[in-house]
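Structures follow.
You will see chain A twice below: alongside chain B first, and alongside chain C after that.
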Partner chain A sequence: MVEKDQNVNEELVTEKVLTRRPFSIPLKNYSKKTSKRLGIFFKHKIPYAESELKSWVRSFRGGIILLCLFLVTLIPLLLNSIVYFHVFIIAMVYAIYAASWDLLSGVTGQVSFGHAAFFGLGGYMCAAFVKFLGFHWFPSIIIGGALGVLFGLIIAIPSLRLKGPYLALGSLAFSLLMWRLFSMESLRFLFFGSEGIRNVAFLQSLTLREKLITEFILALIIMIVCITIMLVVYNSKLGTIFKGIRDDEYATEAAGINVTRYKLLAFCISAFFAGIAGSIYMLHRGNVKPDIFMSLYSFYPIIMVVVGGISTISGAAFGAYFFYVLNEIITQLCSDFLPSNLQLIFSNIATLFFAIILLVVVRFTERGLMEPAIKRSKDLWDLLRGK
Partner chain B sequence: MSIISILVYGAALGCVLAVLAVGFSLVYGVGGIINLSHGAYYILTAYIVFWFINANIVAYPIAIIIGLSLIALLGIVTYLALIKPIQHNEIGVMIVTFALAFLIEQAILVYEGSKPEEIKDISLIPFAKGQINIFGTQIDAQYIVIMIAAVIILSCLILFIKKSRIGKAIRAVSQDKDAAKLMGINVNLILMFVLTLSAVLAGFAAILYVSVSPIYPNYGWEYLLISMSVVLLGGLGSLPGSVIGAFIISFSRFICFYLVDIPYNVAYSGIIYLAVIIIMLIFRPCGILGKKERT
Partner chain C sequence: MGVILQIKNLTKRFGGLTAVNDVSFEINRGSLVGLIGPNGAGKTTLFNLISGFEKSNTGSIMFDGVNVTRFSTHKRVKYGITRTFQIVRPLHRLTCLDNVIVGCMSPRGKARSEDIGVDKLASTILASVGLIDKARIPPIILPFGDLKKLEIARALASNPELLLLDEPFSGLSHEEQMIIIELIKQLNYEGYTIIIAGHVLRELMALVPRVLVMNQGKLIADGPPKEVVNIKTVIEAYLGRGGN
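Right after this comes the complex of A and B.
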């Protein structure tokens, strides 16, 4: 009886704490064994992470995601050809980038058409730190993300008072402003001119194959960490607040939540991950040009997320792989099967194709392509299992 | 560059931007649709006119008519296929028109093969050749033609909206869609008409300005943002505001070009409209002549 009373007191105390700390999840059947296993760090934050993880892995969606992750890791390593490494590294970069866009626009409802600004700024900052200040690449990636946060704040603070279309236009204008500024030859001393930053040294001491494998594993680990963090945010109270801001901002404000602060937080988190994606992209390519601010790079996360399922973070990753791998396949097919005088013409055909796909998907579906596909395959799986 | 040339170039660009931005503002004021493919309409018409004239198949007036009809057709198709089904979802409309703009840009890139600078062969345009002398400066006569044509187009448009029955219906729909429906006006038809009209206006602007300036495929975004900055400056939904905003932006561009030193002036004058967008969005989103929205 005494134990039960103590549990009740614990619940009352944590209820009060919940209104102050957005990262907590309601504590219910809090077991001492779990806390011993996971250590003090997880105890207050995610008390039953282990059982949650287990149940997620056993669920269909978790299984599919793990299977895909497994395939993604294995395919390039088994096939062992350089092209696959290139393709998968860039696809992973786009996965983080698209997931960050999804977090801002799909979950929090602040649709931004200029996400390329964060992507490119992260790349430029990381390049500047690696090349001119001589930092090691790992802190430079984090710095790229952190400076992305800074620019996220710069964009977010004026955007707070803007609603839907104004916000999208403002972000588009900002990214094109960045493009203009960074390609101006006359401001070369500040903005590096129209060739950008070239020859950024990254793991120069390894052979090409070893370098690619290292980059691949690095990108894989970073992608898993970033998307896991974003999924945790999505499923936590913070994610609920973001979804509330998207669905009905006034009701959320009326519920006592400081909408301004959480909007800024959404911009910061999204810009951080976009900056990290930009840094890895830059390190892989070895240079960064002002082209990275063009609207093409703002278009990529939109199509990836819309195809993969808006407002689901894992859908963004699916969409990124789907889109980029298909892009490379189409480009490869075009260069293999077309005579050389047509090749130049059809080099852009992939983006054209994807613009058409985006039109069709937005026009006809509500939740993107991946959700119905997963649902159908789940039904098929249940059928096969004999339920 | 002298004062006279600034005045003439500024006025000519201002007229063209006014025609372009009035289309954008019309669509937003009447239908609440932000049409992100407005710049794409511009470059598509410009390229169509280029292709017909460079291939020397048809004469210039026929090329104009073909270009305008194709753009009108595109406007109709855009409304029916893309905008009408998703009308309730503002962000969906923006994504779809953004994708359409991309589609058009990539289609042009595919056809052209790369990103060339398309320099026009001036001699094929049968209009005003040569230069005339205004107060001692040599100006291409084409600029005067541009200004006169733009003034004619805008006054026809204003007369149309003020005097005709369809114009009255347009004004009714812009004031209150549901009341217009109750009055028996076919709101869908009017919205389709307005979108087509805005596409045709963008086409006109392209035809006017293309005779004096080169065009690149990725200028679509630039013209979209220029028209957005003009409309934001003047007030979304206010037509006189768009005209005033167009002249402010074009004159500021040329004055900046004239006043700043040589290596920097091209760059700085090229980012003026972007700075205007950002400043207007921060300080006065409703524009100079717009109504203050209490949302």
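Right after this comes the complex of A and C.
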């Protein structure tokens, strides 16, 4: 009955199931050992994964992701227009923000409709430290993230009892509460009032073009670092526990995991990166206003992740770029090519077109846009190679 | 050998319904015990109480000398009590290996895996239940018998002392039941204390040397299977009064 001497039959495993994990910690090759408690000998060895990063880079998936990253870096630098820099910086901010939402809601299953709370609080904290306490912007970004964690805990601890739709609404309520608090004129001394924090000095000594290029490169580096960290978490054992909590919280609890502690951890990590995204957003704009807590900013990461692919961190980044860049392109096209009387009548016609495109995308892709896009390009690539 | 589990006057009420009514018994370390009773007798509620999914109204649970009555579920797993579910609850979007790895990430599982690593330990456990072929396959497409094995594998992953198996045979064909019975015999031989909740089955009664019988929340019999089946109250519980 007990099947000893079983080797993993790799042919049984289809391509879809065997996922490549470029950022997971490589498995070491342990020698055989008698399992004392179970009392059986085992000869099974896990295939030694030598330099998974190298094999990922050489694979199609890795190649295309690196190519996209390369293009994303290169296009604004080549075209050298200020508008492109601005658009791509904001897209990168949203990439980090959407990925942080995905980590909490897609991977751990704690769906949050109020992520703007972390986003905005990160921005406000960073602005306060830069403007009023005179900190350099780099530690302020980290502080923005860290204080976002603090507020993440403040939100998370009461929400631990809430599940599903109640958690979503509770988090939405919290972000709207932030909106009210930070708009109230009577609490201006603490919460800065309806004008928020203005004129935050950031790289003032550079020309506009130099400032934008610097911001672009900074945002790019920070985005790569943040998303890599989130991917490492996703592919690690911690990520497995998070996914277990999403799939069946009680079964995970029955298996011995302290689900409460790991939920808090998920909130903290997610709030940290959302805070960092908010800080960069604030530094780019130069100010932060209470409208950053509006529910629109909570729904942006949700749309981006749904479009890109839920519970894949890279899908969030893809969705962020797709959403934001496409939005800007459509707005630009509409203002350029549509006759002006039409523009007067339908002042938001760009939004209308964009909404239709989003509907079509969501209707025809089940698990987001990124996976089919990669698959189709892979098929195209195979076709071109003559397979 | 000592007493590993001591239940004293355990009671659980849901509003007007008393699901578990003043139940007391002791389980010795390393023993194999069956818990039988008709549907609604309170077997699953008793398992919920012992493993921490429900809090009892009165009574105490002593495990290995520790009073675990007010402990949460994962804390009891840390002390060595693990249960499986009657209706299987696999983590459906993870692979089978990942399912077991989640169990190995519990404190006891991690302590056990310190020398060989979590992946190796998980593979060993999967191999011992016979699922190593399906290590990287998500449980959605597995047949029911394999899902039951996966439940047991995930329970084993947290390195328990006491295993509470909730209806491990229900819904399986005869061959699959024999496989699970062999697995349980093997586990008991290796030192696990096991309580099996189930219905009166020829195989179950042949397997366990001691049986507890519940009916309507009360413990009505406790002894070897041969004796228990002849007790009047047990027969009445299953067949009603006036039956043979």
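Throughout what follows, the second predicted complex is superposed on the first by the 310 of 387 C-alpha atoms of A that agree within 3 Å, B and C clash if a C-alpha of one lies under 4 Å from a C-alpha of the other, contacts with A are read in each partner's own complex, and residues count from 1 in each chain.
The criterion applied here is as follows: a residue touches a chain if its C-beta (ideal position, glycine included) is under 8 Å from a C-beta of that chain, and two chains touch if they have at least 3 such contacts.
This is a predicted model, so every value here is computed, not measured.
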{"item": "First (chain B), second (chain C), both or neither touched by A:Asp336", "value": "neither"}
{"item": "Partner chain(s) touched by A:Thr252 [first = chain B, second = chain C, both, neither]", "value": "second"}
{"item": "A:Phe299 touches, of chain B and chain C: first, second, both or neither?", "value": "first"}
{"item": "Which superposed partner A:Thr351 touches (first chain B, second chain C, both, neither)", "value": "first"}
{"item": "First (chain B), second (chain C), both or neither touched by A:Pro165", "value": "first"}
{"item": "Which superposed partner A:Val111 touches (first chain B, second chain C, both, neither)", "value": "first"}
{"item": "Doubly contacted chain A residues - partners chain C and chain B", "value": "none"}
{"item": "Residue numbers on chain A that touch chain C, as the complex places them", "value": "1-4, 6, 8-9, 12-13, 17-18, 27-28, 30, 33, 35, 37-40, 42, 44, 46, 237, 240-241, 243-244, 246-248, 250-259"}
{"item": "Residues on chain B engaged by chain A in the complex (per definition of touch)", "value": "34, 81-82, 85-86, 90-92, 94-96, 98-100, 102-103, 106-107, 109-111, 113-114, 218, 221-222, 225, 228-229, 232, 263-264, 267, 270-271, 274-275, 277-278, 281-282, 285, 295"}
{"item": "In the complex with chain A, residue positions of chain C that touch it", "value": "51, 53, 73-74, 77-78, 82-83, 85, 89-95, 98-99, 101-103, 105-109, 112, 115-120, 123-125, 127-128, 130, 132-138, 154-155, 157-159, 179, 182-183, 186, 190-191"}
{"item": "Sites on chain A touched by chain B in the complex", "value": "111, 113, 158, 161-166, 168-170, 172-174, 176-177, 180-181, 184-187, 294-296, 299, 302-303, 306, 344-346, 348-349, 351-352, 355-356, 358-359, 362-363"}
